[in-house]
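In what follows, a single structure is set out as structure tokens and then discussed.
A, B, C, D, E and F are the chain letters, set down in written order, and residue numbers restart from 1 in every chain.
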Amino acid sequence: VSETLVYLNGRMLPASEAHLPIYDLGIVQGATVTEMTRTFRHRLWRLDEHLQRLGRSLRYTRMNLGLSWEELVALSEQLVAHNAQHMAAHEELGLVHFVTAGEHAIYANLSERPPRSSCTVCAHTFRLPFERWARHMQEGVHVVTPSIRQVPPQCLDPKIKYRSRLHYYLAEQEARLVDPEAVALLLDVAGNVTETNAANLLLLEAGTVVSPPAVYTLPGISRAMVIELCGQLGMPFRERDLQTYHVMNADEAFLASTPYCLMPVTKINGASIGTGRPGPVFSRLLSAWSQVVGVDIGGQIIEGGRNSG
Amino acid sequence: VSETLVYLNGRMLPASEAHLPIYDLGIVQGATVTEMTRTFRHRLWRLDEHLQRLGRSLRYTRMNLGLSWEELVALSEQLVAHNAQHMAAHEELGLVHFVTAGEHAIYANLSERPPRSSCTVCAHTFRLPFERWARHMQEGVHVVTPSIRQVPPQCLDPKIKYRSRLHYYLAEQEARLVDPEAVALLLDVAGNVTETNAANLLLLEAGTVVSPPAVYTLPGISRAMVIELCGQLGMPFRERDLQTYHVMNADEAFLASTPYCLMPVTKINGASIGTGRPGPVFSRLLSAWSQVVGVDIGGQIIEGGRNSG
Amino acid sequence: VSETLVYLNGRMLPASEAHLPIYDLGIVQGATVTEMTRTFRHRLWRLDEHLQRLGRSLRYTRMNLGLSWEELVALSEQLVAHNAQHMAAHEELGLVHFVTAGEHAIYANLSERPPRSSCTVCAHTFRLPFERWARHMQEGVHVVTPSIRQVPPQCLDPKIKYRSRLHYYLAEQEARLVDPEAVALLLDVAGNVTETNAANLLLLEAGTVVSPPAVYTLPGISRAMVIELCGQLGMPFRERDLQTYHVMNADEAFLASTPYCLMPVTKINGASIGTGRPGPVFSRLLSAWSQVVGVDIGGQIIEGGRNSG
Amino acid sequence: VSETLVYLNGRMLPASEAHLPIYDLGIVQGATVTEMTRTFRHRLWRLDEHLQRLGRSLRYTRMNLGLSWEELVALSEQLVAHNAQHMAAHEELGLVHFVTAGEHAIYANLSERPPRSSCTVCAHTFRLPFERWARHMQEGVHVVTPSIRQVPPQCLDPKIKYRSRLHYYLAEQEARLVDPEAVALLLDVAGNVTETNAANLLLLEAGTVVSPPAVYTLPGISRAMVIELCGQLGMPFRERDLQTYHVMNADEAFLASTPYCLMPVTKINGASIGTGRPGPVFSRLLSAWSQVVGVDIGGQIIEGGRNSG
Amino acid sequence: VSETLVYLNGRMLPASEAHLPIYDLGIVQGATVTEMTRTFRHRLWRLDEHLQRLGRSLRYTRMNLGLSWEELVALSEQLVAHNAQHMAAHEELGLVHFVTAGEHAIYANLSERPPRSSCTVCAHTFRLPFERWARHMQEGVHVVTPSIRQVPPQCLDPKIKYRSRLHYYLAEQEARLVDPEAVALLLDVAGNVTETNAANLLLLEAGTVVSPPAVYTLPGISRAMVIELCGQLGMPFRERDLQTYHVMNADEAFLASTPYCLMPVTKINGASIGTGRPGPVFSRLLSAWSQVVGVDIGGQIIEGGRNSG
Amino acid sequence: VSETLVYLNGRMLPASEAHLPIYDLGIVQGATVTEMTRTFRHRLWRLDEHLQRLGRSLRYTRMNLGLSWEELVALSEQLVAHNAQHMAAHEELGLVHFVTAGEHAIYANLSERPPRSSCTVCAHTFRLPFERWARHMQEGVHVVTPSIRQVPPQCLDPKIKYRSRLHYYLAEQEARLVDPEAVALLLDVAGNVTETNAANLLLLEAGTVVSPPAVYTLPGISRAMVIELCGQLGMPFRERDLQTYHVMNADEAFLASTPYCLMPVTKINGASIGTGRPGPVFSRLLSAWSQVVGVDIGGQIIEGGRNSG
């Protein structure tokens, strides 16, 4: 069996050789932007939108990829094609792109070769860990609002998908004090709900789907898909400032994120949301989504849990 | 000649082999704390204080080093001893420690081996690049206040020396629009002066040395040394909120940082500070410092510039 | 046995008759200021300081007590003398004063009598519940920083001891999600540590006792006593902004509050502070305090726990 | 004549016996949520919406009413039926519900009986004091912006109708320095207009009715009624941040609140709004509202003033 | 040739005699509100809207113009008629109104005559300096975000066109450090984009024209015209918080301001916006505007540059 | 009698000819910095300190005076010498310096002559209006905290004495709604007390003189004199954040400002401070100050009131 490949700085490498020198600016300064795309039936879904968002992140951070759009698409598809070839049909891949600001010129003098002046560009895949999400997909996630707050846009803009996220790491640790399986839901410095480490939040309020303004969170592509589906299903959608009050009093809540698409949230800070069970609008949205992609998204995940159990 | 060594997760490796797998949380999430110590005459200076600060960073981030204090000191000294052996007498080393939160369990499945559950611990050295600082040491640095602001302590505490610093990268780019050699001096969200990417700021105002409160910046060990020297030289020192106004109207300004100790700042946002030249208090402090460490700090740097020119 | 008495609007009543009509502004609007004093050996301690602080609260809220200083002192002492007469020697009393803005004129029309236009003034006592504090006194308290934040001074000044404290109630509930015995330590809107529901926080850092500025918390009389004791014991004391970082990295931490005087804090957000056990400076301060008041404060509490067990 | 009744903790009591022990948490901590409903022709209006909002307040504060929806509705209607029976036809009732967090366990030991562990639940009525509003209904209210600011949602959410409102008491006192009849209009910490002590603000701007976002004020049921009426009358309605500038330059302004429905505002900080007289859109809205409820709302109030004069 | 006239406090004066005594409050305190209107073919355009906005500024600042609407219109038109009479056909006028709070009573005692107690009212014209804008109209403006921030509405409301604008002067100086031709684009204290010294910003994002909420900037009359034109051209328009990210990633950007109507923005902080050239939507809007006013707006400006070159 | 002279742009003019063209940037943009010095016995007092502060304001705003220190001192003294020559012995002068950013190049084309590219520099005197202060000196000032807030330092630094002060004008108007003689005491955006339009605030608290940090207000030269006198009189002085609470509960309060030196404050927001009368520490400080300058400062003012009555 050929090993999983990783794209790194112009080369396709076996995964076991994919590493960065310790003086890469991604390690030294967290100067990294990233994207994550997933497959359905082993084909990348909405790669264009993900790469466009990557483009906006790069423009904002003034990093230069050094690759054309076509090259980027091609290597992405090539990587997935190769890495998916020995996967089971019920498995799927996540594709990660990341770009760092290059190498730290001063630290690099510990190396024999001169530091690369251009950006570090990497793309790699991973098997979507359905088994980790199976229970949450059925019973819902518990979100907890830690005292650590989201970094304000004037310091680091949440609209770029960046990796300087130690505050997320700290927030998770605080959330897990309440429940080892809890997910941190970060408030901003004014106390508004923003997002979790890896997902956008949406609520159902009296038949309307609401979500915090995309201006203050990552403008999620899965969240955009939910908005699209709302349109198709005739459900109103609205962006609005949300506070803990709204989550506690919502009819339903869910997280949208690329790898699992949509996940119910049934508890916040120990209190049940709605009935405390995944709700009918969640099911309706997930089912509509499944139809679009031709895969039973929830079933695949729950099944994944069963297989690994 | 034996190659430079790097300490990584319990092993001493040749520098060319010191790299992190791309799924290390230092790369994936910027979940990294760090320290930097330097040598004088090839001996580490105030290693204890640096390692204590590292200890506080680890405690705050709940990372576990997995090494005793003695082991940490021993490997640090061993690394320097080895890497300094072929250096010229007028050269010095910087010693970097960094600790990441370990490996990203889900991404790690691209690898053949199971993810390490413990922290990634690394120590490496680099030659202090005196030639880069020589002109600044003689003529002073130009600091520029970018519109990007320092991350507030309630999001990410500046008292831990962390590496989630994409905002510093962005700030530097903004500062360089004004002057390619400028250094970014970050304001906090209230407009108070904090620190540069890599140094604490101190001002001279009517005979008193002042500096922003250590509560809102990295509590610098070089800054602490300046305070110590002020005591010895009978100069009053005071912590106080500072704004751009204070820097523009200071008699002198300087940066304190481990690798170069003390550097004059002679310009802010294009305007001269004081006489526009390094001042007598700067010289007095640097000279007192040089006496303590038995090395002509400024001379070594300026000489370094000459050698490399 | 004569029943416990309560002072209410000019009369001494049996406790069972001490109640407020439901249209009292203390109930309708939380428009209430308060004080709490305790006894040592059944004698009120520092009553003057408590009544002076009550005077400042009343002045700020423009409420008029309608009693002279002498009357207030006299009724306080009379109440304690009466209510302590049948107490055991090892028991002590807390004395609560509270003053509300009077009665809500419109709601009051549900009553037969016209609404009282003057303030409601009440004083009552309660037995200090040593048994509740005994374990904490020996093992230390666990403080947790909830996401609910302290009300800013420009809305409601923390220097008045007021009872509009629903946010404290909410904060406690959040803290107890982490540990049912945890105490909420509120951060202010900038993320600085303020106080708990009922106590000031003090830390020991490298031999110095530090505490958040009295400007942003209740200027505690027990905290003032700690400062006094620091002076006597030759320990430096400093007011300064504190963040979670400081608590996590302190050598010791303790709470100062009238009913129990001083209590060790040994954990914050699940992490041990210092050794994780009450420290020597805590003991030294409590012992000095005990000498001043002629009562073994800690012993009395721990004994109280034993008696009730 | 039978006395007015009050519901308290499961019993119907004569009003003169409706009181809370001084250790109730509503008194000790302001830990109270509340609602107010009114009658038209002695029938409760939109009781459902008020009780639903009460439900959201209870959910947020994690208080448990201990009553079913049906029981709550039944006791509310029973109370009004009883208390309205001897009222004149032109009079109306306000119905207040309030729930406190129960009793303070430690203070309660001054009492003979053990503290109740459940919430305190009370419902009472009061005669709507039309005579107090008659002049304002005809000439308009004077609103004044005090320096005391609204408590931010991250401390205490304005969407719950709570009673920890000492800041409102302070704000009123400041407003009355300008005009003894003035009503305080609170700004938030960013200077945006929020609400008065007891009412939502709405403005008329070039034919559009605008009001501060419901996210930052109590989501008023009377305000919702105005929005409904705007829809019926073909007048656009918009939520938007408002500042003093908007109030000073509005064509009309009015307050919406349960007891008087709608009241004109004709002055802010001493300056006339619009013509300085109640405007035509106010009249149109109040008249449409009157039609819905079958009562001449304004006339009833003005008449009430005449009767009592 | 008769000299240019200026209206000042009830008189028409030759421009060379139009000056204010040094104790005018416009000079002493910056207590001045203002407006600017321009001509097309020597006729004032939308004078009504400008004077209405002036009216709102006066109402907010409680200044009394002492002139009727008709008098104000008449003197404005008379001034333009007189001052335009000797202008070339391709030239146009700007008309400035400004009103100060009158004279400083104490300083005025340096004068022989008693201080005027009423407001200072002035109207004057100036030739629109097309030659200054010609290059920007063709190549676009470079905007730079300085560290100086916009004054918050709770201090000084941006919706009044006032002249206390030293912060704009400071912001411009900072922007010019990056590029001597750059224009300062001020961020507010939360980091949102507001406006430049003299213009509103609009962006094109995926076919929608967006602009910061009028609540936090001067509600520009040229901006309103763009919104009107968007309606006519079937282009969606939306108000929304904008950050630097949005400007950097916009398809097009432009400034709207009375004297030049619309100007392309092609660079922010040194980075190109869109293609780095004025875009098609800009051209379409400017051309639609030109049709409305019967003047080739862009051509006139570019021609103006050629003439003066 | 020769007329009062004014220095303007290099010339000494009769006061009646001292005026600025309407296109001066001091009028157009409020781009003006200023100073005020006073005489004792017709001699300027601490002119040096005032001119140094002017120098710092100019440096911050990057304005160039175009005069040497000696020239500036000379013209100041010459102006006072001339203007004081016909004054009564009991009268004194205020000397105002102001510098604007020059002329607005585009507006200036309404003038015949080319715009001056350099700064506008003016110095003028005025008779100190003792009669205005006499009653306040005897009975104390009433300060009122308006809802308008001080401009934050990150927008416009209060340490420069600038004239873009429309917010002060607005604040005064709000304060006068409470009392036509009240003086506005501005709070900053966090609710801390800053300064009045023209004076620093100082409080007496338990024997210590306290004042808001000079970092957030104009660093007053009269305030500095109070600190000096405190030193001489053995009274402790401390800078600290102050809130309304502190003013309401102070033992004494006073304003320090150049023209009247020191003035008692006896009321805030309608409530008496201390005894409601000027206090003994105020008297002691004023008397010490009088000794230093050889003039009975308070007597002169009170006498001035009597003369003009």
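Here is the rule we use: contacts are C-beta pairs under 8 Å (C-beta built on N, C-alpha and C of every residue); 3 or more make two chains touch, one makes a residue touch a chain.
Only a predicted model underlies this, so the values are computations on that prediction, with no experimental measurement involved.
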{"item": "Furthest chain, CA centroid comparison against chain F", "value": "A"}
{"item": "A-B or A-D, whichever has more C-beta pairs in contact", "value": "A-B"}
{"item": "Euclidean distance of C-alpha centroids - chain A vs chain C, Å", "value": "46"}
{"item": "Distance from the mean Cα position of chain E to that of chain C, given in whole angstrom", "value": "58"}
{"item": "Whole-Å gap separating chain C and chain D, where each centre is the average of the chain's CA atoms", "value": "33"}
{"item": "Residue numbers of chain B (touch at least two other chains)", "value": "62, 147, 149, 152, 154-155, 187, 189, 191, 244"}
{"item": "Inter-chain touch pairs (all)", "value": "A-B, A-C, A-D, A-E, B-C, B-E, B-F, C-D, C-F, D-E, D-F, E-F"}
{"item": "Residues on chain B engaged by chain E in the complex (per definition of touch)", "value": "144-147, 149, 174, 177-178, 187, 189, 191, 244, 269-270"}
{"item": "Chain F residues touching chain E - in the complex, by the definition given at the top", "value": "3-4, 6, 8, 15-16, 18-22, 24-32, 61-62, 96, 98, 101, 106-107, 109-112, 122, 124-127, 129, 132, 147-152, 154-156, 162-170, 173, 189"}
{"item": "Chain A contact footprint on chain E (complex, rising order)", "value": "187, 190-191, 240-245, 248-249, 271"}
{"item": "Residue ranges of chain D touching chain A (in the complex, touch as defined)", "value": "56, 59-60, 62, 152-155, 157, 159-160, 213, 215"}
